[in-house]
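Next come two complexes built around subunit A: one with subunit B, the other with subunit C.
Then we have the complex of A and B:
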């Protein structure tokens, strides 16, 4: 039975040396075993559909009119941006409704806290699971991108951790926020007033330079912009070290700030 | 079962025609109670409705600023149309579909299986057809409000194709009707939240491939034929034709397709509701 719960055979050490947050991670992995098929199917179909429709279909109009966007065909321009945007969506989705469910609806967190696990283990396990899921999805995404012929550089391998980082940078602050909410109304507002504008204006579908002058600095200050820029540099092999480092540093900082905040809000909400 | 059947059977209806009309399409005449209930509930969730107006606004703005410069003009019926006008009508149809499907699947499932709102409703004099029609009416009220706001934004940004765009309003409500009916019918067959992956799996390709973002001519011939048969394409083609003032008999065909789809969905939902909820 224990071997089923803990796919890595960690039960042998009976928790003595197993980091407790890893046990939380094992819980998510176990639950995922019931739904991974549909999850993998959608992770595969979404990039295929998006790249075919927007990259190839719409791209044929774009290539006809302006030939290239930032020096490449539209499909090649779009694909790395969509990878980052997808990472944002997964990171954000997994830290809103699921967190509310674990606190209020299904109360998984309280079940976990009834064991020797601490609030911090619960938080780190949750974020670690999001990172694992992001790496699955990003791997499939990159494979589909390669099949569409949009990968231009071996540096694309590094776009995988970059996508994970982008997703996690959204996951930690949003988890902190979700733990303060009494109902799901705030999530709809975040989705419609923050995530959709980010998706549309952060350089995924068109270069930020097309925005009106006053809007450009605003777009460049958003986290998705940095995720998209980093992903595009790596996939296209157009790597400039300082900007890339800046993008990564921005996302790491956001992740850490989110973690610190989430540590506080989780404690405030879960410690009775 | 008996009480509701009696109420639904058309007994007491004044006209012979009403007596032979299928009861699922008429109900007991109490559908507006369901609408009233939804209005009461949403008084506490107004942010859901208000924030919904921003979504199309952001989409239109992003296309106007971004893709419009990259795509330029699109040819429709031999006329060169600015991309913004081309895509705005398509997006109106797509957002009517998305809104309707979201409400009719997640919303209805939640009431049907989780909070058991319909069990409560059906223990009152309301019959299954009242519930189905009431929910549909509510979906159309919301869909109509969104479509109206969308058209206002479209006009404000200068993306309307012609003065005929006014007719897009009832046409967008028709698109909502078709997808609400179909979505509600599908929801009555769902077993768990996992089944909703299938909904997104059906909706996303419709959204992306129904000539919403680019003309059908981009596709090879066989694919064009398939797309011409799908439901969202009817909505996109209908709204685009009306918006640009390009009238033809095919618009009527699209309209009839959507009308039949919604009516069938409604009939199936009412029947399934009585099977699922009534003892």
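Then we have the complex of A and C:
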């Protein structure tokens, strides 16, 4: 039987101290050392630029014509939507090219799988890292939003986990998709057909009620719509329990479906 | 040189203090004899299929503690598939496989905790430093950072990478990357080191340095499992080997015994004129066996010089003649009718 007495005199490996998926998470954190500066800078500049250009610039034009959007200034309306949309972009980015790299280019997953780590540890560790990164970015974003004076409620604190959830809800199904791909062509299609339309038409920049009637239910069925709606309710303090819980439930369900699918596609790809 | 690398003589025994490993495998030879009945790896009727393709077609082998065991064969012979099954990274399609007494299908993670794998394709993180690669990998085994750093010193020394510890992996040469991959596989102090074509694609100098390092590990009693399509590599490093072809084992033995069994003491190689036919008839009776290749004729005999004399007497128009000792290449040719490297 396997019962190695570890030389450092702690628990045997079966009672390992660090859960396997956390060891995977630690790899990403380690690798992040080389990019964190540029990452933090981008995370800070992105909301500043967007809120300045779209919120203040375009916003003054909007305010001039319609005074308020859903009862608030345009900048205030826009900011929580952008938070959710940014979370989507990060969740999607981090579950496409990095997954392809870990399978084909750098082969990180195979290095991990030659050790006691299992496919599930590798998957959960990767998704956990995406969640960690999302929480960094969302924190900075919320701080910038506060500086722009768009935060209207203490519930905005909960917009942080909501943004993480929005990002992860994209990350798990896209990880499942990425693990089936032979090259990065499919990612470009995902951007063109899914992410960019979602970014533009999910209520981030204008209320979905502005869309033609037949398009509204379609927009309301997309995950980003729910992420944006949840984020906006929390940041503006306009909290109604039913839609809020429904939005959260939608995103949690998508996350779980994505995880189940990714578990399958990861196994099919990595264990042959 | 002392290394923190040993074939633990008992599965439960690792060194008691991380900084000072015991004299490496003090009784590897005696341990090898005493556990002869219980192989470290045991395969019976092992099969690996990919859809309708049969990569490994029912092979049997036993690998013992402290042994250096080789799988020799051309590309596509099924070596890598076999290695991946042993390393518990690829499920067995059929047959039985026991590694360290356990079933990979049940205890894959436990087995992998005690194995070091040097895969055919490097999987180093190119953007991280040499040292960081070791630390990251050691963490996958849940070895404390402090212990990894301690081991890393010795391992980098062993891999001749100490002065590159803090440089990124990307610009390193192929040989350096291979040595780092080996060092990385040793960071968990495995009972078993699996090397899948460790020197493929390296220049001769890099290969020799790598061989030297593997030889040191072997001398310290580390159990090595090596695949290669280089016969010289197999002859240098392997105590015992199997010759694989088309997913099957064609022969098994020590390099010496295989040569003795399947070849003659010497070989006379003649480079023949282009387009020449009827070679076998013209050379009939001179050697025990004649193999005709595209550009050369090989005459298997125990006395190469005498055979060359006979060839001259028959006025056979060769361009160049060479008398050499038989190698595993000749064994392979005899067993399969084709050369190792096409």
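Here, the second predicted complex is superposed on the first by the 257 of 272 C-alpha atoms of A that agree within 3 Å, B and C clash if a C-alpha of one lies under 4 Å from a C-alpha of the other, contacts with A are read in each partner's own complex, and residues count from 1 in each chain.
The criterion applied here is as follows: a contact is a pair of C-beta atoms (placed from the backbone, for glycine too) under 8 Å apart; a residue touches a chain by one contact, two chains touch by 3 or more.
In this text, all values refer to a predicted model and were calculated from it rather than measured experimentally.
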item	value
Contacts of A:82 with subunit B and subunit C, given as first, second, both or neither	neither
Subunit B versus subunit C as contact partner of A:262, first or second or both or neither	neither
Which superposed partner A:30 touches (first subunit B, second subunit C, both, neither)	second
First, second, both or neither for A:61, with subunit B first and subunit C second	first
Partner chain(s) touched by A:200 [first = subunit B, second = subunit C, both, neither]	first
Subunit B versus subunit C as contact partner of A:100, first or second or both or neither	neither
Subunit A residues within the subunit B interface of the complex	35, 38, 41-42, 45-46, 49-50, 52-54, 57-58, 60-62, 65-66, 69, 74, 185, 188-189, 192-193, 196-197, 200-201, 205-206, 210-212
In the complex, subunit A residues that touch subunit C	1-8, 13-14, 16-18, 20, 23-24, 26-27, 30-31, 34, 106-108, 110-118, 271-272
In the complex with subunit A, residue positions of subunit B that touch it	45, 47-48, 51-52, 54-55, 58-59, 61-62, 65-67, 69-72, 74, 83, 194, 197, 200-201, 204-205, 208-209, 213-214, 218-219
Residues of subunit C touching subunit A in the complex	11-18, 50, 87, 89-91, 100, 102, 107-110, 112-115, 117, 119, 121-128, 132, 135-137, 139-142, 144, 146-147, 188
